[in-house]
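Beneath this line is the structure, given in structure tokens, with notes to follow.
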Amino acid sequence: MLSAIKGSFIIAQTPFDERGAVDLASIDSLTEFYLGHGADGFVVLGVSGEGGKLTPEEAQQVSGRFIARAQGKPVIVGVSNPSTAQLALLAKQAMDQGASGVMIAPPGGLRTEVELLGYFATVFGMIGDVPTVLQDFPGSTGVWMSVPSILKLVESHAQIQVVKEEDLPSLEKITQLRAGGGRRVAILTGNNGLYLPQEMGRGIDGPMAGFSHPEMLSGVYRLFTQGREDEAHDLFDRYLPLLNYEAQGFWGVAARKEVMRRRGAIRHATMRMPGPKLSAIHMGEIDRLLRNLERTLAARR
Amino acid sequence: MLSAIKGSFIIAQTPFDERGAVDLASIDSLTEFYLGHGADGFVVLGVSGEGGKLTPEEAQQVSGRFIARAQGKPVIVGVSNPSTAQLALLAKQAMDQGASGVMIAPPGGLRTEVELLGYFATVFGMIGDVPTVLQDFPGSTGVWMSVPSILKLVESHAQIQVVKEEDLPSLEKITQLRAGGGRRVAILTGNNGLYLPQEMGRGIDGPMAGFSHPEMLSGVYRLFTQGREDEAHDLFDRYLPLLNYEAQGFWGVAARKEVMRRRGAIRHATMRMPGPKLSAIHMGEIDRLLRNLERTLAARR
Amino acid sequence: MLSAIKGSFIIAQTPFDERGAVDLASIDSLTEFYLGHGADGFVVLGVSGEGGKLTPEEAQQVSGRFIARAQGKPVIVGVSNPSTAQLALLAKQAMDQGASGVMIAPPGGLRTEVELLGYFATVFGMIGDVPTVLQDFPGSTGVWMSVPSILKLVESHAQIQVVKEEDLPSLEKITQLRAGGGRRVAILTGNNGLYLPQEMGRGIDGPMAGFSHPEMLSGVYRLFTQGREDEAHDLFDRYLPLLNYEAQGFWGVAARKEVMRRRGAIRHATMRMPGPKLSAIHMGEIDRLLRNLERTLAARR
Amino acid sequence: MLSAIKGSFIIAQTPFDERGAVDLASIDSLTEFYLGHGADGFVVLGVSGEGGKLTPEEAQQVSGRFIARAQGKPVIVGVSNPSTAQLALLAKQAMDQGASGVMIAPPGGLRTEVELLGYFATVFGMIGDVPTVLQDFPGSTGVWMSVPSILKLVESHAQIQVVKEEDLPSLEKITQLRAGGGRRVAILTGNNGLYLPQEMGRGIDGPMAGFSHPEMLSGVYRLFTQGREDEAHDLFDRYLPLLNYEAQGFWGVAARKEVMRRRGAIRHATMRMPGPKLSAIHMGEIDRLLRNLERTLAARR
């Protein structure tokens, strides 16, 4: 059951070659990189995974490759789409490929709870019995879901097994979701992991985020579950300057891909157009952040 | 050249059967209905054509069928999509099917002229030499384009041959676009035709709108081009109560489909979910509007 | 009790002189004009009354003058303000001046029902026992309130005695509000009266709108309450071309002021900056609409 | 000239007592606290200063008190207001009180460059020769200004002497503003200082932000201007976990006020309603962050 998941879930990047074509070979190295740094599962074709820039056929190739390489770890496929017909198609294809579930965020334009509940009634009527991560990411979708609304959705739709909570701020919402009673779902958090220690303290089941150093996400998770909170905070704080830099929207994703390229996880840092291109100034900023991180980590040992 | 188009272009509905499946047979009767009431061309898979509720395969079937039945009149295919890769694919497919061009509106989330120009540079770089209708419909897209921005887009991209102007209000914008100089493009207007007489007076090339009585759109257009402005206004005013009723967003589209079903243009008034369902009260309102329209038209003869 | 109001409430314009100063003398003639054309009450300092362009002192002058001239008819004062402290101050001042109540719309930025209920709990805690019109006008505020949310607000706050319903479309919402049960409040509708006949048919207590010909609003209201629905529709339809023209946002308000100037209601059609200025083309459009209206009305007699 | 300002400008909190009344005595201690930790100037009545929750009279009291206590350092007063008439009044009052200038952000609802330029033409025509900080804060205002638009505003209005750049991300925009040529204005940055080291590296003139430890803002500024970039980064990184916590919108402001209360800067941490109230969990999170900060700072010595 997806509702019992715990651990460090990675929002996976989609690698492109220098011309912007999907780089399937880099998916292999990237998956290995994630697993080698503690990933307990994956979400592919999310917002920062540039899922929205792919054709349906490319999207299938990408999700299929990740699933094939995930060594049995759960892979969740982002299928949010303004067309419910296309969303249903994508969900079916993902499950046929062997995905553990899908992730759905409400489309822009839903404005009241009535509209929100109506939308998901339609969607879950169409996709049937597919395990689903409900993504609460208003900064990207423009749709704000209150805690009572999320709890109503959970009660109405057994398919929802996980809430990905990445409203900003997230802390109070996590506390209220946990206090809300009703059927238990897993809660994992995004927002690049910027508030992971506090979120763990408020009872989440792990991060669901992207970062060039996934060992921080999995490390903080594991230290916390072992009751070593001070060490978890210390680990987090060391990476925070870089994490903060990678939290600059798509500019942050561009930086993340560049760092992961340097670490050998992918062959090219290319983002598909339309998207940002790092300048020499950005490169200098990244150089310094990595230098400082290395020094901080060395001092710790 | 699409830039020379003139006349009454119909934003075509997509017919569905009672279960919500695409009703291809009704496309045949619908196209005949439109042509029999003065249509000079078509736009298919637009917003009110419920294009966003179709799978890519269904979308192709629908556009293909309309093109096959259009008796040589130009058919423009709506290909707006949050994914530029998918947009490019849809544009290619449409042109391969024999479309006269495509219609593109900017995706939600573009917020400055810089972002707007960047978006279309990417898009036109991808789709190549495809005749394009630029749709200015901020009420639907959430993207506001100023007149200087539209003129810059026209100057930068020879593909733009038509501007569909449906900002609300539209009048001042039409006057400024026409006064803007530069390469001449056709300007047609949407917004359900609510301001068609004034828009014709300000120099547009015709309506590009949907209405259950397309003979009004084509009639107003023709009377205006013959210099019979008073008659054009009179004709428009007779239909305005029903037109106004059909201008209620997707509720208005539902009413329009119901009226067109009664007129024999389509077999079912079904809208695909998620969408509104007319109640008995709506039906009573429509009954009265049609009764009044009939009386008004009879009085005129 | 404001909850028992019925009739034709006018959203009053604020007159300015040619330099943009408040024209108090024109408030006298304007009030007389409204009363002479059937107004049963007033709302001053609303959105289309340019209330947001006044200083607090000017706002007080305007509301005070309207109240002094209203011949005992109820005057409701718009006090919506992003600052709750200032809103409370404005509400107190209005009631001290002799207003019958205040009108409040939620401020931009409220995004969920939880935030909405929290906002009004704060506001009603601050203003105390002041009869209130709750304005549902998402096209202007950017805040969407569902029917269940409005009903919750009504149940929680005895101050709410009227709902001004001007979501677009409004029809289904009116039916649902009336079917919602609970404490009875008056429902009046805005949106320039564009759907007044259907709204009356769905059980509202009258229009709360602005129009250069308030005799249409009061006439449709009275015919409807006398059971003469066909005549009500006929009357409405005659004015609809002009009404539709005046529904073009602030451009429509500018046209309305110009028509009211021509009718002698105010001395100047000036709108305070920033605001639209009518061109010669607009004037020509208005000329024609008034000519057609005169002819249509003459034909009726 | 405001355009020559450099240094660490503090976005000042407004202190309230436990009942929510303005606490003028705490303004004195707060100003002293800021000056004692390196402040080179102040901005009062900004967004995080809860300026929008005050009555006009309270706002005047607050700005007057800060100006009286600022020991000759420049004080800039936030006067953004949806009513241009009220904005002009507030600007006049601020300058009469001895402010060095005003800060203005565009009001929500401006959507194109044409509207933006029109708005500021009106505003600057009304307020006359008042030194102005143009605030670019789309996350709060909902108005996105491109770099070309900002440069046009600077060229058109000599009153603009400072740009407060707090779009997110800010880095690329700073580089482009500096490269844009034209009249030189100061650029200071907000966003709680989250990217201060990189922003300094890209040529800003200092922070214009709020933080419970203003010695970090002034310290980073001074180290950078002395060419001690590595030390500047180190200093910044030590405070980043707390800074990040204080960056949670109004929840972050509540935490900031609590920390400043503990440091003796203000007597009460109260935020005026509507606003967040910290729970015991928040207090525990703040305890830990302060404990960690203390340890980190101790280790450095």
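We call the chains A, B, C and D, going by the order they appear; numbering starts again at 1 in every chain.
By our rule, contacts are C-beta pairs under 8 Å (C-beta built on N, C-alpha and C of every residue); 3 or more make two chains touch, one makes a residue touch a chain.
Being a predicted model, the structure only gives us computed values, none of them experimental.
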Rotation angle (°) superposing Cα atoms of chain C on chain D, nearest 5: 180
Chain C and chain D, separation of their C-alpha mean positions in angstrom: 38
Whole-Å gap separating chain A and chain C, where each centre is the average of the chain's CA atoms: 47
Whole-Å separation of chain centres (CA-atom averages), chain A against chain D: 32
Sequence positions of chain C contacting 2 or more other chains: none
Touch-based graph of the chains, sorted into line, ring, star, complete or other: complete
For the chain C and chain B complex, residues of the former touching the latter: 168-169, 171-172, 175, 194-195, 198, 201-202, 233-234, 236-237, 240-241, 244-245, 248-249, 251-252, 276, 279, 281-282, 284-285, 288, 292, 296
Residue ranges of chain A touching chain C (in the complex, touch as defined): 111-115, 138, 144-149
Chain C-facing residues of chain D, complex: 52-56, 58, 82-86, 89, 108, 118-119, 122, 125, 142, 272-274
